[in-house]
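Both complexes shown next keep subunit A, but they swap its partner, so subunit B is in the first and subunit C is in the second.
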Partner chain A sequence: MAKTVDISVHHVTRVEGHGNIRLRASDGKVEKVEWQVPEAPRFFEAMVRGRSFEDIQTIVSRICGICSVTHSLASIKGVEDAMGIKVSKQTDKLRILCHYGEQMESHILHVGYLVAPDLLGQKSVIPLVASHPDVVKTIIRLHRLGNTWMEIIGGRMTHPVTLKPGGFSMLPTEEKLRELKTMMENAVPDLKTLAEVLLSLADKLPDFDRETEYIALTGPDYYTFYHGDIASTDTDEIVPVQEFERVANEYVVPQSTAKWTKWHRDSYAVGALARFNVNADKLMPLAAEIATSFGLKKGACNPYLNNIAQVVECVQVIEHGLQLLDELLTAGIKPEPVKVEPKAGEGVGSVEAPRGILFHRYAFDDKGMCTRANICIPTGQNHANIQKDFEAFAPQIIDRPQEEITLLLEMLVRSYDPCISCSTHYLNVEFV
Partner chain B sequence: MKPTLVICLGNPLMRDEGIGIRLASELSQRLTDHPDIEVLDLGTGGLTIMHAITGREKVVFVDCALMGEAPGKMRRFTPEEVVSKKIKTRYSAHEGDLLEVLKLSTDMGECPDDIVIFGIEPRQIDHGQGLSEELQSTIPHYLETILKEL
Partner chain C sequence: MAKLKTAVFDFACCEGCQLQIYNMEEEILDLLSLVEPVVWREAMSDQSEDYDVAIIEGSITRREDEKRVKEIRAKAKILIALGACATIGGVNKIKNIFDMDDVKECVYGNDARRPHLNTYPTKSVGEVVKVDYNVHGCPINAEEFATIIRCLAMGKVPKIPEYSVCVECKMKENVCRFEYGEICLGPITRAGCGAKCPSNGTWCFGCRGLVDNPNVNAAKDVMDQYGKTIDDLNGKLVLFGNKQEQ
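== the complex of A and B ==
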């Protein structure tokens, strides 16, 4: 009997922003499968032109509500690289710590609210309250920690206000950092619980391997999200971040308003699994233990494992974060007034967003006004890889029921934790 | 943590949908040094609301609401007095329904007992800045009513 499949998912649910899945097959053969991105352009690279170097962080933090610390730090590093600005060890550690808070908050939000429903057979997190109340409570506690963490150091949960070129506009107090330390220590049992729950559901993750190039920042000393240069699993070459364009090789395709990227293959992947594949040997002990418990090893190329890598990274940022906190509290927080003199230059800032490596390039004139910007975001770098995954996976599952194929392709998109964009919320009520 | 929390919700880029945020700045100024009341601008809300209300004794929400009333009309109600007619697309994790979040908080055992919502009927929910005349001219009344509640 001829097998005809016609799937059109308009606006995949439980991802950030808008993306469509199209699949057409007949006689059991895939004719067309596409990951389409119709999201409208944001124009941030144009918006920052003519703006002062002091304003860039405030503007570009609005690129994203979940990765606002990441965009802030990438832009600040870009400004500092352009103008030769150095920062203190205290600033460096506080920034990394703030960044860790965002990694945790984002990963927990993604795994807990967006992925867990698929693994537990629900359409959203709301029904999970009745069916799995303890799991939801754990997720909410961890999410809350991430929010408070960023508020303590960044001054606000979303769109930080204390981060600036050269340092901080306001430093956290030692009392607040000690509070944060206690909260982080208390989160470890919750993370272990979450890992155990995921382990019990690991067989629900589809079995799909595809050899992939993975790209992430790497540094000599620790599992990095903030410092380092560009590494790939396809080469031993380490590329300075200032040369990111020759790694990303962005190009335009008709099916997507976001560009695609490629380096050694037709596509590459960035994100937690990419970072793991590049840096796993630098994980802290408990994070490494959690990875081992899942059987997660370097060389993993099942995109669905990105969500396992995210949980491993939650443990990593707590472990390393506690170490940084101890160092900061032992040294004591010292006031460090910031004074930056602008000068002409061009620079790049690169950090790892929760969903992958991010690049910001800026050029400034001698008054510190921005003349040019280029921002290459991680999800943009993943779109081509999602397409290639579709092309490889669809034929493998084409004989399954249409509903199952749809769910598996949606889960594949979700596994990348794509951050594609936001909405209104007004009440609409009827009085009873 | 102050026992009473005023949460103002809204999106000032969607005309009258921004009434909550407009009132947030006024309320903040008038209640800056109040020992027991905190005012929060939570923008478009979502699950952040749940985190904010935990541990409080009383929470007052201020938000634009389609209630079938004349534009500019404000009504005070509690979650038990209404049912939501909002159609949820489930497209986005940012899609918020305040009543759903309050239910989630209740099911988690965290929702304060004393929840009051001030809904303000819009004339216009559309891309753009600035409130309709009916809402703009009624701001003093909204403020007076909310402050009386506190």
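== the complex of A and C ==
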């Protein structure tokens, strides 16, 4: 059938930030398919120059409202690496726990508020309030848990206040941590319900596999979001986070102006599915069970399954979070005044944002003033991979109605849970 | 009562203030009995050109964005600036202490001269178009946002605090951050956050902007009393765009 398809989605909805999809095809042949990002660049690496090491977290937390704990922790680890600051076990555990709260909040926001409408045939979560009230209430409870979790440890839901180089400006009380523990225990049945609902809708996730290199932190004997070095599904080599530029290899493609990243292939993917593919054998029992119920196995390469991996991770952070809480409460929360003497140096902090591995590099002078920064964000690393998925998937679906093609491509972008405001490195793409 | 048709737009920001709207959870459902969202890209696929209230998140940093926000202003009966990036420029204004070419080269190197990377010194929304109401803070206080929306739906004028963060901080019985050797912007910053930062063991960085008629002399006395200089103060004022306002 001779058919011309011309798709132009200006500002894809239900994603964080601004992205465009362009597709042109005639006679069933895709002539051009592009993923574009017109987000206003914000120049954080330039803005932190001359600012004190104490203020870096306050500034870079504002790179992203949805991953503000992640950016805070990456910057703090970067400062600590540069100045040789060691933190206590209590600080370490509380940070990991706070970071888990953000994984929970962000994954539920994404799966529940942004993706679920696609699977239930709606254009936003609002009609679901009437059509699926119990599902919406479950999502709301889990979302609130993630927020309360971050607030108890970080002092605020978004843009945490207590996280500082060297430790905490204010520690959570044991009473609050016990409240958190009860809330987390109560969330397990809700997560099981959410998994069941998603399982009943899993056939709505498009069937599309493309062999992909997945990159994530690995190292400790648990499924990590905070510690570790860089691993890839394409190699056994583990790269220290201090050498992250060797992995990201930012490059410019001749036919476009977008800076992409690649390591062993033309692109790689980061995020929940990448972490699962690297660290699945370290999942806690219930998380592993949920993964199995979806048939999710190491080596999965359908990008839409990132949404399923996010649900598995919600269970994981509850299970491991409860273990950390028990350890903290058994030891008791001890006051630990934070005093950091600035010194010159350069350091890297890397943690897993909900949407993938994040790198921050900073250099400081002897007064602790920042002289240089480089921030490499997960959505930037997924950009090339979204494009490569488009190129592989579009020809497979080009005979379908234009509306359906558009929806499938939008869902593909959404499955990566892109966070385009984190676009410190994004270049705008102008073509077609 | 007809529902207010409401549109949410985002410019240069982290979208964390929109996130606070999601974070109201069930309370959103209450607000939906008063307003009808007709544009909200982060939450909905449907879009419309017909709205009464425009909520603008983010700063204006490019010519094309300035044009877009003027078009929105022309369509909206009421325009609300949402969050520090929109109300005072927020962290985006740190950029303004540098030369724009330097900023671009620092981040984009050899690609800095490409036209789509054009940026100009950050402006708050109020520096480009008339703003009817400001929802202050980084992030916003969701309760305050809900109050403002309710007032608008009922035809009332919302009251925003005109006193400093110190008032709220004292009510929380916090020890003054200056006692810890820190510089705190509480004495000159507009209240309404519940003194969130000092209550969590750290200084106020002024995300809600300066209070109307800040008592600069009293603030200077406090600085003198604790042996701090105006340079110390300026280093903190710059973080959320308050320095350029002075």
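Going forward, the second predicted complex is superposed on the first by the 412 of 432 C-alpha atoms of A that agree within 3 Å, B and C clash if a C-alpha of one lies under 4 Å from a C-alpha of the other, contacts with A are read in each partner's own complex, and residues count from 1 in each chain.
One rule holds in what follows: a contact is a pair of C-beta atoms (placed from the backbone, for glycine too) under 8 Å apart; a residue touches a chain by one contact, two chains touch by 3 or more.
From a predicted model like this one, the values you see are computed outputs, not experimental measurements.
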According to the stated criteria, A:109 is in contact with first (subunit B), second (subunit C), both, or neither; which is it? both
In the overlaid three-chain picture, which partner chain does A:371 touch, first (subunit B) or second (subunit C), both, or neither? neither
What is the contact status of A:235 with respect to subunit B (first) and subunit C (second): first, second, both, or neither? neither
Looking only at contacts as defined up top, I'd like to know whether subunit B or subunit C touches more of subunit A. C
Of the partners subunit B and subunit C, which touch A:249 in the superposed model: first, second, both, neither? neither
Figure out whether A:186 sits in contact with subunit B (first) or subunit C (second), or with both, or with neither. neither
Using the touch definition from the top, say if A:55 reaches subunit B (first), subunit C (second), both or neither. second
After superposition on the shared chain, which partner residues are touched by A:126: those of subunit B (first), subunit C (second), both, or neither? both
Touched partner set for A:4, first subunit B, second subunit C, both or neither: neither
What residues on subunit A does subunit C touch that subunit B touches too? 11, 13-14, 16-18, 65, 109, 113-114, 123-124, 126, 129, 140, 143-144, 147, 157, 424-425, 427-428, 430
Over in the complex, which subunit A residues touch subunit C? Could you list them? 11, 13-18, 38, 40-52, 55, 58-59, 62-66, 68, 109, 113-114, 117, 123-126, 129, 140, 143-144, 147, 155-159, 161-162, 164, 168-170, 252, 257, 259, 421, 424-425, 427-428, 430
Subunit A contact footprint on subunit B (complex, rising order): 9-11, 14, 17, 44-48, 50-51, 54, 63-68, 77, 81-87, 89-100, 104, 107-108, 117, 119, 122, 125
Tell me, which parts of subunit A touch subunit B in their complex? 11, 13-14, 16-18, 65, 109, 113-114, 123-124, 126, 129-130, 133, 136-137, 140, 143-144, 147, 157, 422-432
Subunit A-touching residues of subunit C, taken from the complex the two chains share: 10-20, 22-23, 25-26, 29, 32, 37, 40-47, 58, 61-62, 65, 90-92, 94-95, 97-98, 102-104, 106-108, 111, 114, 116-117, 119, 138-139, 196-197, 199-202, 205, 235-236, 239
